[in-house]
Structures are given as C-alpha cells and as structure tokens.
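Some structures are shown below for you to check.
There are two complexes below, and they share subunit A, which is joined by subunit B in the first and by subunit C in the second.
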Partner chain A sequence: MSILEVKELKAYYSTEKYGHIYRVRAVDGVSFQVHKNEIYGIAGESGCGKSTLLKAVSGLIKPPLEILEGEVAYNFDDKILDILALKEDKQRRQVRGVRISHIPQGSMSVLNPVRRIKKSFEDIVDAHQKIKDRTCFDKMVKTHLEALGLDWSVMHAFPHQLSGGMRQRITIALATILKPDIIFADEPTTALDVIVQRGVVQLIKQIKKEQQNTLIMVTHDLAIHANLCDRLAIMYAGKIVEEADVDIIFNQPKHPYTLMLLKSLPTIGDKSIRASAPGAPPSLIHVPSGCRFHPRCPEATERCRKETPELIQVGEGHRVACFLEEGSK
Partner chain B sequence: MVFKKYIIPRFIQYITVLFIGITLVFIIPRLLPSDPVEHQLNRMTAQGQYLDPAAVEEMRETLQELYGLKGGLFQQYINYWKRLFIGNLGPSFTQFPTPVVELIKISLPWTLGLLLVSLMLSWVIGTMLGGIKVSFPNSILAKIMEVLAMGMRPIPYYIMALVLLIIFAFIFPVFPMAGGYSMGAKVGFNLRFILDLFRHAFLPIMSMVVLEIGGWFLQMRNVASNVVEEDYVVYAEASGLPKLKIIFRYIMRNAIIPQITGLALNLGFIFGGALITEIVFSYPGIGTLLYSAILAGDYNLILGINIFSIVGVSTAMLIIDLIYPLLDPRVRYQ
Partner chain C sequence: MKINQKNSQSKQVKLNQVGVEQASSQLLTVDDLTKVFIKGQGFTKSTIAAVNKVSFSLKLNQPEIFTLAGESGSGKSTVAKLILGFEVPTSGSISYKGDKIAKLKGKKEFMRDVQPVFQNPFETFNPLKKIDSYLYETEKNFKMAETDQDQLVEKSLELVGLSTAEIKDKYPSEMSGGQLQRTSIARALITNPSLLITDEPVSMIDASLRMSVINLFKKLKEEQGVSIIYITHDLATAYYVSDRIAIMLRGQVVEMGSVEKVLGNPLHPYTQLLKASIPVPNPANKWASDIALSDLETKEYSRSGCKFSGRCPKVQAICKECEPENYRIEDRDVKCHLYK
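Then we have the complex of A and B:
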C-alpha cells in the first residue's frame, strides 16, 4: 500500500529580470510512489532538484517556488490528502510535524540560537497537542531522548553549546517526537564526519524500526543509500531517470547516468582512476532538448536529442527513462 | 565566575573610557591660543574703566582660581578631577556667577523628556512595523508602510519640523508655536500644567517620531528579512508551528538584538540634546544651551555639557553590554 503518491509534479522557481521571466525547472514532471514502512532514497548530483522535490512534496511552497501542475496525495489512515490542494495555510500546518516531518539539510542552524533546546521541544509539541501537564511532557520527551541515547541534560543547553553531531541528533529527536507517519530526511549526514554519520544512520534506522514510519531519504551520498534504503530513485536535472530496489540499482543499473554514477564510486583496494561523467550538470533554466542527459551520454542518438524518454517499466519495480531500454524490450 | 569574567572587564573598560574622555575634555581647550582669563580682563578694560594694576593682578588670580587655570598643567589637572568629584564644573562665563551644573540641571529635564519619549515611541513603533512587514511581506499594508518609510526617511529634519509647525501651529493653530510651557503658567505638579506641557511637547516629539520611525522600520526590516531565511525559521515552518509563535519567538526575537544595541546608543546621545528641534520650536533644552555656549565662547559650559555627554554615552554602552547576554545567549559564554 502506498502512503505517498506523486503524480506529474512540476515545481519551478520563477524570477523576473528585465521584464523577462526565467524559470528554473527544478522539478519537472516527477511521478513516484512510496510504500508504507519503506525507506525510499532519492539520489542525484547537487542542483538536480532533490531538495526542491522535498519542499514541494511537503507543501513548503514559498515564492519564488511555484507548483505548476501535479498532485501529491498522502494516505493517512485510509484517508487521501492532497497537500497541494489544501487552500488554507492552517490546514497544512496541522499536518506538518505530526503526520509529515523533516530532518533538514544543514542541521547546524535549524535550532533557534536564542532558545534552549527544551523550548524547541515545547514549541513543537505544544503546536500539535497542547501541553496541559508539564510532568507528562517532561516524561514524554525524556523517554524519547533515552530511546535515542541522548542525555536529558542537553535540554537545558543552547544550540551553540553543542557539537554538530549532537545538534543533528537533537534535530532528529525533534523531528520524531510526535511519531510522524512519514519523515523526509534532506541530506541528514552532510557536513558530519563518517563516525557521526554512522551514528546518525543507525539512529534513523532505529527510530524507523520502533515507530514504524516511512522514510524518504535524500542525499547525494550513494553509500548512505546502499546502507539504508529499500528502494532508490536516481534524479537528473529535475527528472527521475531510474527507480528500482537498491540491489537492482547497484547490481544491474540500466540508465547510462546511473552506470556512470556507480562507476565513479571508489572500491577498497582498487587504485585505478575512476571514470566520471564528462561535462557538467545542465543549467535548469536552459535545459537540453530531448533527453536531458544526452549531451553527456556516450550512447546518445539522434532521437535522444529530439524526444524526451518516458519512465518505462523494465522489470519488477524497475523503471528507467531511456530509449535504449525501449529498444531492448 | 560570570561576575569575574564578564562584568569586571566591562566595568574596567567603562572607567577607562570615562577617564580618557574626561581627560581629553581637559586637554583640548588648553590647546587653544586664547586665554579666557585674559579675555575677561580685556573685556573689562575695554569698557574704559581705569583699573589699578594691582587690582588687575588680584582679579587675574581670582579668575584663574575660578576657572581652574591656576598653577602648572599637572596641578590644574589634579584640581580638575578634585572639583569633578564634588560635582563642581565651575561657573558659567556668560551668566557669570551661576555654576555650570545649575544651568545643565535646568535644561536637562526638558531634553530628557523630549528625546526619551520620541526615541522610545519611534523605536517601539518602527521595530514592530518592521517585524510585521517581514512576516507578511505581501500584504498591502506592508507595502504601503515600506513606501512611506522610504519616502519619509530622506526628508531633512528641519523641513519636516517647519512643515509641522506651519500646518499645526500657524494654519490650524491647534498647538502652540513655541516654548516649553505657556507664558505665565505656574510650574507645578498639577493636571493643568502637565496638559500644558504635553501640548507644547507634542509637535517637537511628533516631528522626531515621524522621521525616526522610518529609520527603525528599515533597519528592522533589513535584519528580519535575513532572519526569515535562516534555517531555524524554515524548520519552524516545516514543523507546523503556529504563525504567531514563529513571528514573535523566532523572527522578531532574533532580529531585535541589533535593534536594542541601536536603541542604547541613541539613548546615550540624548545628553547632547536635539539642537534643531529646540531651535525650531524654541524649546528649552541642552541643545540650545550648548549652542549659545559655543556662540559666546563659554568654555566651562561647553566642557560641562561634554562631560555629561561622555558619561551618558558610555553608561548606555555599559548597560547594553551588561544586558546583552540576557538577550543573546551566544555572548554569555565567551
């Protein structure tokens, strides 16, 4: 059963300069489904629209970001909720933090510098289930922190007194205190060293196991994806180019871009120079015609320059957007 | 611990600033080529009176004593501090026997009343409006406020003051033209006098408030519009906190910190008076006092006002330094 279904989502950043409107096509026709209780990974280079996709899907839309078309349907307790169709801001606020929650990118600065950690917890709990009983609230936070291996004493600290890894773990605790149905993790391990990264990944795994929630993990770090995710989508220039179970992506990738990504990964003991994709990711203002990967693709044909490939099913739960696959099918 | 690490260094700094400032006030006039004692004596002899040379000499001694110019430079300096500690700033030259402290005491309440009220009013209103503007950037009210603030701010103050004066005191005589209170009014703590005071202070205060709101508004808007982009505000949005809480506890709370620094600095400058306001509205105050002292070359009075100003500014800085850790915890543990 899917808890989230995204259909043909288009989210652009629009800016006007000298009377000309520029559109950054950060998310351009993305469709995918996330099943209940799974960890769904989204991978891609910097600037391919991963973070924008998350913003759009969680309804955090602020100019210059605009949703042009598409549908984002959540399924909470068998009730379908289209977050983009909600007219009132208040209704969206009621969903955020309880049903959907965020582990944001750059957790270094997500905690209010002038508020004690405890206040941040109070704010979020009070926003959704009015705190009536202090001791009850303390107990709730305490059990949650203990489960995550955090000490109660951090509650009285200010954010600047804590280390980066500590802050990140507190943010994770904050994001999961109300046991959300679905968690969006936006590069939760970026800017942390590998030891802290490992701690964070284990923490996320543990929470997921205990609270039985669904997790959408966005990062460019394929190692994290390989460790954590059940299914993985590869994004390139605002589109999903391949989506499959993690094993299949890593063992039998179909799309030339996925192939190149995997070829660039280092292996222990292998000292040969890794191959990389030639060129640079395209500008999202002037996207290439046809298949967006064609200028960098070694197997590009005339057709790739003119037509845009659709995501097609090539195996059990394996979708690829490439004409090569269409031909071989 | 906090006392030792935070308060004491700041107190030492405060004392040092005061010491240097007051010493400078001592040195600068003594670098001037003119000698006030000779000046005074010349004025007397110029009146054509015959003066006995011995009497002149005696008078010179007395004047030097009065003006603190007796003895060598070092001796003068020691005496200067001694007199300061007992609150004696010497006599005014122009209003001869009246001590400078007495003159300042008369003018200071007027200036303080005028500037404190206008500063607090403009600060509170400007800061609130700036925060609101950033929190609701697309509302029509916010846009109107911005245009108003941008348009008002460059207006020179004296033009604003004159325009208000002409409109509300001359064309529509709602408020009095000049003065701190009505001619012949009995000074006292009663309702009638207070209302009279208020009526006289209204236009000078308005003229300052109207212009200063724009400045505080723009400054708050600039800081707050950066705060809105901060991760913690975005995250608060993503966690579904109520809008009002985000505005007050997240956006305003962080953006107000530099505003408070600005407020404290301006509080210190109050002791310099508001010269133009006082002149345009003929309002009694430190500004006018200083102005006439400069015109008449009344050194003692100028120095006295300067000392008040130095003490005012540095005390304001000390206070802001001491309360800053309460506002921004990041300062606390450094």
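Then we have the complex of A and C:
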C-alpha cells in the first residue's frame, strides 16, 4: 500500500528581471509512489531539484517557489490527504511534525543559537500537544532521548557547545519526537565524517524500527543509499531518470547517468583510474532540449537532442527514462 | 674550563650542521607540533590541545601526496593553518627546506612555494569580483611574469583543464563548483609551488565532478612534481590518490604509513573502525554491527591515557591510565598499547 503518491508534479521558481520572467524548472514532471514502511532514496547532484521536490511534497511552498501542476496525495489511516489542496498554512502546520516530519540539512543553522536545546523541544511539542505538566514533558523527552542513545545533559547545552554529529542527532530526535508517519531526511549525513555518518544512519534505522514509519532519504552519496534504502530514484535536472530496487540500481543500472555516477566512485583496495563525467550539470533556467542529459551522455543520438524520453517500465519495479531502453523492451 | 666550553660549543655547531644537512633533504618537516586553544575565562577556563605533538616530513625532490585523515574535530585543519602561518604554534616547529618557518625573514618566498587550496570554492572567491582577476593578481603580487602575463595564466589554466576563454570576464556565480575549484587550483599553480596544502578540496563538489579534481592532483604530482598535503575525511578518495597517510584522532596522529598498508590492513583499533565505517556502494555489503557513538568532544580531548579508550572495542586497563607511545610495526607508526 502506498502512503504517498506524487503525480506529474511541476514546481518552478519564478523570478522577474527587466520585465522578463525567468523560470527555474527545479521539479519538472515527477511521479512516484512510496510504500508504507519502506525507505525510499532520492539521489542526484546538487542543483538537480531534490530539495525542491521535498519542499513541494511536504507543502512548504513559499514564493518564489510555485506549483504549476501535479498532485501530492498522502494516505494516513486510509484517509486521503491532498496537501496541495490545503489552502491555509495553518492547516498544513497541523500535519507537519505530527504526520510528516522533516530532518533538514545543515544542523548548525537549524537550532536556534541563543536558546538551549530543551527550548527547541518545548517549541515543537507545545505547538502540537497540550502538556500542562512539565514533569510529564520531561519524561516524554527523556524516554525518547534514551531510546536514541542521547544523554539528558545535552538538553541544557547551547548548539555551539555540541559537535556537528551531536547536533545532527539532536535534529533527528527533534524531528521524530511526535512519532510521525513519514519522515523526509534532506542530506542528513552530508558534511559529517564517516564514523558520525555511520552513527546517524544507525540512528535513523533504529527510529524506523521502533516507530514503524516511512522514510524518504535524499542525499547525493550513493554509498549511503546502498546501506540504507530499499528503493532508489536517480534525479537529473529536475526529472527522475531511473527508479528501481537498490540491488537492481547497483547491479544492473540502465540509464547512462546512473552508470556514470557508479563508475566514478572510488573504493578501498582498488587503485584503478576512475574517470569523472565530462561537462557540468545544466542550469535549470536554460535546460537542454530533448533528453536533459544528452550534452554529457556518451551515447547521445540525434533523437535525444529533440525528443524527451518518458519514464518507462523495463522490469519488475524498474523504470528508466532513456531511448536506449525503448528498443530493448 | 674555557677549552671545555669551546669544545662543547664547536660540538654543538657540528651537531647543528648535521641537523641542517638532514633537514635540507626534507621539503617540509613538522616536528612535535602542538597547538593549545584556551576556552572560556576564569572558572570555566579549559584548554584543548587541538594539535598534540604531531610530527611528519615530506622529502625534497620526491613528490608525493600525503593525506591527513580523521573525523571532524581531529585537528587536521589546524595543522594546515599552522603550516600556512594562519595560527602560531604553542610549541614544536615547522621547517621548510631546513629553515624554521617562524624565523623566516622574507616570507614571500615561502608563500610562493607553499600554496593553499581551500574547502569551499563558493566562498573562496568574492562574488562581486571577476574570477580571472585572482589569477592576474597572484601573478602580480609574486612578480611572476616579467614579459607576458597572459601566457602564464593560460599555462596554469591549461594544467587544470580550463582555458582563458572559459573564465575570462566571468563571475563566480556563472561557474560550477568543479570549475571554480579547478580555477582555485590554477591560481595556486601560478607561482610554480613545490607544495600545495589542500583542505577538504572536494567535499563541496558534486559527486560526478569530484574525480576530475582528484585526478588533477595525481597529474600534478606526476607531471609537475608538486607535493600535496591532502586533508580529508573521505578515506575512499584518500586511498585512491595518496601515497602516505596519517590518521588523526583528537589532535594526535595514531597511525602513519603507506596508504596501501594503513588502509589495506589497519592496525590501530581507530583506523579499523574508520575503515569499517566507510560506506561501500554495494547493497550486499551493508553495515552489520552497531558502533559506540562518540562522547562529547571536550570529554575526549581532556581524557588522560589513550584518547580512543572510551570507544575502543579492545580497551585494556592500561589504556585509560597512560598514553601509548609510537611503535614501529610493519613499516608504519602505530600509537597503541596493543603493539608494545
């Protein structure tokens, strides 16, 4: 059963300059489904629209971001909730934190630098639940922190007194204290070193096991996806180019971009030359015609320059947007 | 008495000369380097030894890529700052071609020979300044080109796989992170340096462009004879590119040796943990066991005995009491009581 269904979502940033409207096509016709209790990964380079996709899906739409078309439907306890149809921000706020939760990137700028950690916990809990008894609140936070292996003493610290890894763990604890049904994690392990990274992944897995929720993981680090996710989507320039089970993506990738990403990863014990992709990711204002990957693709044909490939099914739960696969079907 | 003094003096002079001769075969020698930061005031005052007796050296005329690796807060960036002279060491010394950096009169020559490449290419460059001006300014500051300015700029851009036409009259916002970082390296190459100090040069660059910068380092070492100190927490790229590696933990170097040996078969329990924590891009090799998460940073810094004893799976009673020495095993230095 799917808990989230996104259909043909288009989210653009619009800016006006000298009377001319520029559109940054950050999310351009994205459709996918997330099943209950799974970890769904979204991978792609910076500027491919993955953070915008998360914003649009969780209803955090503020100008210049606007939704042109598309549908985002959640299924909570067999009730369909269309988050884009909720007109007022107030209604959306009631969903956020309780049903949907967001683990943001860059934990340094997430926590308020002049308030103790405990205050941040009070803020989020008080916004959704009325707990008059403070000892009750303390107990609730304490059991949550203990389950995550965090010490109660951090509650009285200021953010600058904690290391980056500790701050990230607190951000995760904050996002999950109200036991949300679906968690969006936006690059939670980026800028952390390998050991802390492993600790954070461990923590996320543990939370998922305890609270039985669904997780959408966004990061550019394919190795993290390999460790954590069940299914994986690869994004390039605002579109999903390939989607499949993690094993299939890593063992039988079909799209040239996925192949290229996987080839560039170095591993310990192998010193053979790794090539990097030619060129650079395209600007989302002036997107290339046809297939957006064609200027960097080694197998681009005349057709790729003119027509846009559709995301087509090539196997069990395996979708690819490439003309090369059309023939083999 | 007098004769004795004279004798001992001449002996000292001789010793000094020997020392200089040894040192002059080294490009860079870092000896017992220590940097202590003071935190707080009055009653809350505490000290943190961000760099604690670190020693290593790079040989002259033998270009190599030397990696300093470790988790965040291990003091690796502080080492870079100390070498570049942004911080003054509390004790210990850094010698460049046999001369102590602190005593160098004309710093310009040193600055010309040792060039930095910084972490975030988007912050390295002023967003309101055209990017090619950095190249021409460096050239002017170090009086590099007597005749043709453009030629030198073109040459160093060529080395990093760019051309003058690509960056001419462009602002940093018009270029990708990989291009900017390569321009940053091109700027460093203008002065024809013998040592590049690169602090996390690829951590801000996209996955698909990362290898272009890493491969560039390899090429510079092989073709231009530039030695590189590569500071990173990404052990997979460190293994790919470097010759020697030093693993740092809370200010100390715990294991140092050739990269194949240290990462291929780590001896120190911390290096073993690091290696096991590198995510492998293969869903068949997921992390199986759980690890002990680190304590508060300050707690680990102030720990007497081995700094890793709080998290070490092979901890003994002795580890919590006294600090281990460096032991030489299998062509590498290991700082662990296990190898006494």
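In this section, the second predicted complex is superposed on the first by the 329 of 329 C-alpha atoms of A that agree within 3 Å, B and C clash if a C-alpha of one lies under 4 Å from a C-alpha of the other, contacts with A are read in each partner's own complex, and residues count from 1 in each chain.
Methods note: a residue touches a chain if its C-beta (ideal position, glycine included) is under 8 Å from a C-beta of that chain, and two chains touch if they have at least 3 such contacts.
Fair warning: this is a prediction, and the values are worked out from it, not measured in the lab.
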{"item": "Which superposed partner A:R93 touches (first subunit B, second subunit C, both, neither)", "value": "first"}
{"item": "First, second, both or neither for A:R115, with subunit B first and subunit C second", "value": "first"}
{"item": "Subunit B versus subunit C as contact partner of A:N227, first or second or both or neither", "value": "second"}
{"item": "Partner chain(s) touched by A:Q168 [first = subunit B, second = subunit C, both, neither]", "value": "neither"}
{"item": "First, second, both or neither for A:M260, with subunit B first and subunit C second", "value": "second"}
{"item": "Partner chain in contact with A:Q202 - subunit B first, subunit C second, else both or neither", "value": "second"}
{"item": "Broader residue contact with subunit A after superposition on the shared chain, subunit B or subunit C", "value": "C"}
{"item": "For the subunit A and subunit C complex, residues of the former touching the latter", "value": "45-47, 149, 162-166, 169, 191-199, 201-202, 220-224, 226-227, 246-247, 250, 260-262, 264-269, 271, 273-277, 280-281"}
{"item": "Contacting residues of subunit C [partner subunit A, same complex]", "value": "70-73, 176-179, 203, 206-212, 214-215, 233-237, 239-240, 263-264, 273-275, 277-287, 290-291, 293-294, 296-297"}
{"item": "Residues on subunit A engaged by subunit B in the complex (per definition of touch)", "value": "58, 60, 89, 92-98, 101-102, 104, 106-115, 123-124, 127-128, 158, 160-161, 171, 174-175"}
{"item": "Touching residues (chain side subunit B, partner subunit A) in the complex", "value": "230-232, 234-243, 245, 249-250, 253-254, 257, 327-330, 333"}
